[in-house]
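Presented below is the structure to which this report refers.
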Amino acid sequence: MELSKEQTQEIIARRVAQEFHHGDVVTLGIGLPTKAVQYLPPDVKIVVQSENGVLGVGDYPDENSADARIINAGGTMVTLSEGGCFMDSFMAFAMMRGGHIDITVLGALQVDAEGNLANWCIPGKFTPGMGGAMDLVVGTKKLIVAMEHTAKGAPKIVQKCTLPLTVAHKVNMIITEKGGFEIRPDGLYLTEISPYSSLEDIRQTTDADFQIDIK
Amino acid sequence: MAEIISAATAIQFFKSGQTLMIGGFLGCGSPQLVIDELLKTDLGNWTLIANDTSTPESDRGKLIVAHKIKKALVSHIGTNPQTVAQMNRGELEVELIPQGTLAERVRAGGAGLGGVLTPVGLNTDVAKGKPIIQVDGQDFLLEKPLKADVALVYATYADKYGNLSFYGSTRNFNAIMPLAAQTVIAEVDKLSETPLDPNHIVVPGIFIDYLVVRGR
Amino acid sequence: MAEIISAATAIQFFKSGQTLMIGGFLGCGSPQLVIDELLKTDLGNWTLIANDTSTPESDRGKLIVAHKIKKALVSHIGTNPQTVAQMNRGELEVELIPQGTLAERVRAGGAGLGGVLTPVGLNTDVAKGKPIIQVDGQDFLLEKPLKADVALVYATYADKYGNLSFYGSTRNFNAIMPLAAQTVIAEVDKLSETPLDPNHIVVPGIFIDYLVVRGR
Amino acid sequence: MELSKEQTQEIIARRVAQEFHHGDVVTLGIGLPTKAVQYLPPDVKIVVQSENGVLGVGDYPDENSADARIINAGGTMVTLSEGGCFMDSFMAFAMMRGGHIDITVLGALQVDAEGNLANWCIPGKFTPGMGGAMDLVVGTKKLIVAMEHTAKGAPKIVQKCTLPLTVAHKVNMIITEKGGFEIRPDGLYLTEISPYSSLEDIRQTTDADFQIDIK
């Protein structure tokens, strides 16, 4: 079965949403990770922090409530959830680095079997900068990489990252449209195979050694 | 007591070659009027300290397009292709700084601290050439304080004493940069006739030298 | 969402031997109800991190009088003769910390930093035994982060989400201690029926675990 | 002429007040230094910062306006001047250490010819703690020690402090009821002799070498 880009992203976002528990404070990378909140069960309310100084990012505004003074880190206008608040960058990052975030979900260019993550630079080609990504990953209690399994067919889960790192030895979990992995003290484990993939498919599209411990 | 001036008057506090801090996160909470006036001058050759270089059409981004920045200390340049292009051509030096580290460095400069000891960037390119300090067996990067000649920030509300407060997510770096610069200019949406509520002031007026009021 | 509890219920979160942060500057902005409940228990042997040990009749001062503190990390003890007496008799260990350094150490603990590089205390007794780090030829003391098991703070206003704001000079250490403790209890004057204005919140609710409301 | 304690303090406070310029942001130690604001010329408005989180300390309140939630660092109820604001301890000390205070006036147990100041501890006898004093002195642009010239007849201006220091090499000026001193790169200078004293009197009650440069 061939998945469209949209379908692929929805599969990943839906799976990420299952990782959230009621009351969790989470930070979400721009793009795919942000979509996960759309698939939360109705009884699970989470608090989304955005590095630009919003705690309690709410829905996207309609025409009437749109206000350019309330954006998320991607520059998109958002609303504030009831009980949320605004803060400066200094507090926003104290919150992250200080261990006050339960779950962080980020995309990756590469992620490896040791839990290293690269997502801010392809030397000579693409250097948007790390923005808040390096801070987002340091203090969080759980770091999930959510991404498409491959980029133009090339594996993004590798034995050892070759791109400049965002953080070393910190990723706890990888979620793609093909399955789920955990990074444990003794290495990478495949813990889930998606209905849209197979062990064989995952072996072929993953450039890292992994053990298997399907839950 | 802050002096209320026009955007055009504000340019007298800028000199070529200075280090400037400019507040804002992309276009949100970004000063604009003074930047537009600066674009009319032949001043430049500045070192810019800011969260990002915005977009080519907006605020800080326009300074990049006009080649007025020789060095940028920022966390993100991805939204301004001009920054990337000038960097790749070697016309613009860019020091990419993790955003939280940037915030701490600015505040350290403003608060008289010798630097920041952060775990962010350890074992990455960010750590290159920087001292690592061990505290209780754990490694931390020593990141140095930042200061500027002029800080140009935005605020939603001000009073004549220079006190500032903010609406929404406009606060970002605007709240800390005023501590770290020699001369501080705040561009504000609304100047309150009466003093702001002293319990809700984010930036105390003593940090603010000049106010530029939008819509005047 | 913070849980609203009684002062008597709050004592379940305390254990003997813990490190406690307690907010307040003398009696101003000092939690009281929970302290009075703690005095009824035989809990104690605590390490206290606070601005001062208040007066013998008030808040933190009463904990000293009741011999519940084994060690105090504070900036000032002059207003509580009991602290001085117990210190001189060797019953109470006191580490005197410059007030600004204390604030930075608490915040460093709460913000995930490795320590503070401050010029304060150089060439004084405060520097004894502490590493000196040179940055650009200037000396700074390395002061370590502080953390606590429980922080007990005051706020003037809270909402059910745990968001806090303050009136007057009650803010002091109450604004930073909630970042640096495992369990955080805020004793508040007034619980607002509606959410506090998101632009005026000083301590975001996610830092607060429990609220004790005065006058209930 | 024998001065009462009250007269002595008023002489010192009046002289300190002359050091303030319109718009100065100042911090004042508890006790005598705080009294200086009473003697400001009417056209000189200063902003008094108090380390417990008040910028713009105003007059003492009357019965109706007294509020225990607004105090100064001495624990005394105060009011807030128009244009002032409240802040947390973290900001209050950033303001001091960061060089945002124009003048700091403190008392002393001892002050010496090198500009060293001791004001927080007499070992074994008196240890109230430094409170904010060590931070107050570090970042300020001008540090004035304002104190009675002697304590029970013993000189407080000495060649070298013997008590634990508050700060080293930082005092710019000393004001007592007998006169004024400046600490310059090449040592201590007597720059003023009060009408209530004489050079001879100052020599006898000062335990430090000083040069004379009366203004």
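General observations
Residue numbering begins at 1 within each chain, and the chains themselves are lettered A, B, C and D in the order written.
Heads up, the rule we're going with is that contacts are C-beta pairs under 8 Å (C-beta built on N, C-alpha and C of every residue); 3 or more make two chains touch, one makes a residue touch a chain.
Because the structure is predicted, anything quoted here is derived from the model rather than measured.
Looking at C-D alongside A-C, one finds more C-beta pairs in contact between the chains of C-D.
Taking each chain's centre as the average of its CA atoms, chain C and chain D sit 28 Å apart. Taking each chain's centre as the mean of its C-alpha atoms, chain B lies 35 Å from chain D. The centroid of the Cα atoms in chain A and the matching centroid in chain D are 55 Å apart. Multi-chain contact residues of chain C (touching two or more other chains): 104, 107, 112-113, 118-119, 166-168, 199. For chain D, the set of residues that touch two or more other chains comprises 80, 86-87, 93-94, 96-97, 138. In terms of inter-chain touching, the protein chains here follow a pattern that is not a line, ring, star or complete graph. Every pair of chains meeting the touch criterion is listed here: A-B, A-C, B-C, B-D, C-D.
The part of chain C that touches chain B in the complex is made up of residues 104, 108, 112-119, 133, 135-136, 138, 140, 142, 144-145, 165-168, 199-200. Listed in rising order, the residues of chain A touching chain C in the complex are 23, 25, 47, 55-56, 80, 82-87, 91, 93-100, 138-139. Across the interface of their complex, chain A is touched by residues 1, 107, 109-113, 159-161, 163, 179-180, 195-196, 198-199, 201, 204-207 of chain C.
Residues 25-29, 51-52, 74-79, 84, 87, 96, 98-104, 107, 118-126, 156, 166-176, 202 of chain B are the ones touching chain A in the complex. Across the complex, chain D meets chain C through its residues 50-54, 67-71, 73, 75, 80, 86-90, 92-94, 96-97, 121, 127-135, 138, 164-169.
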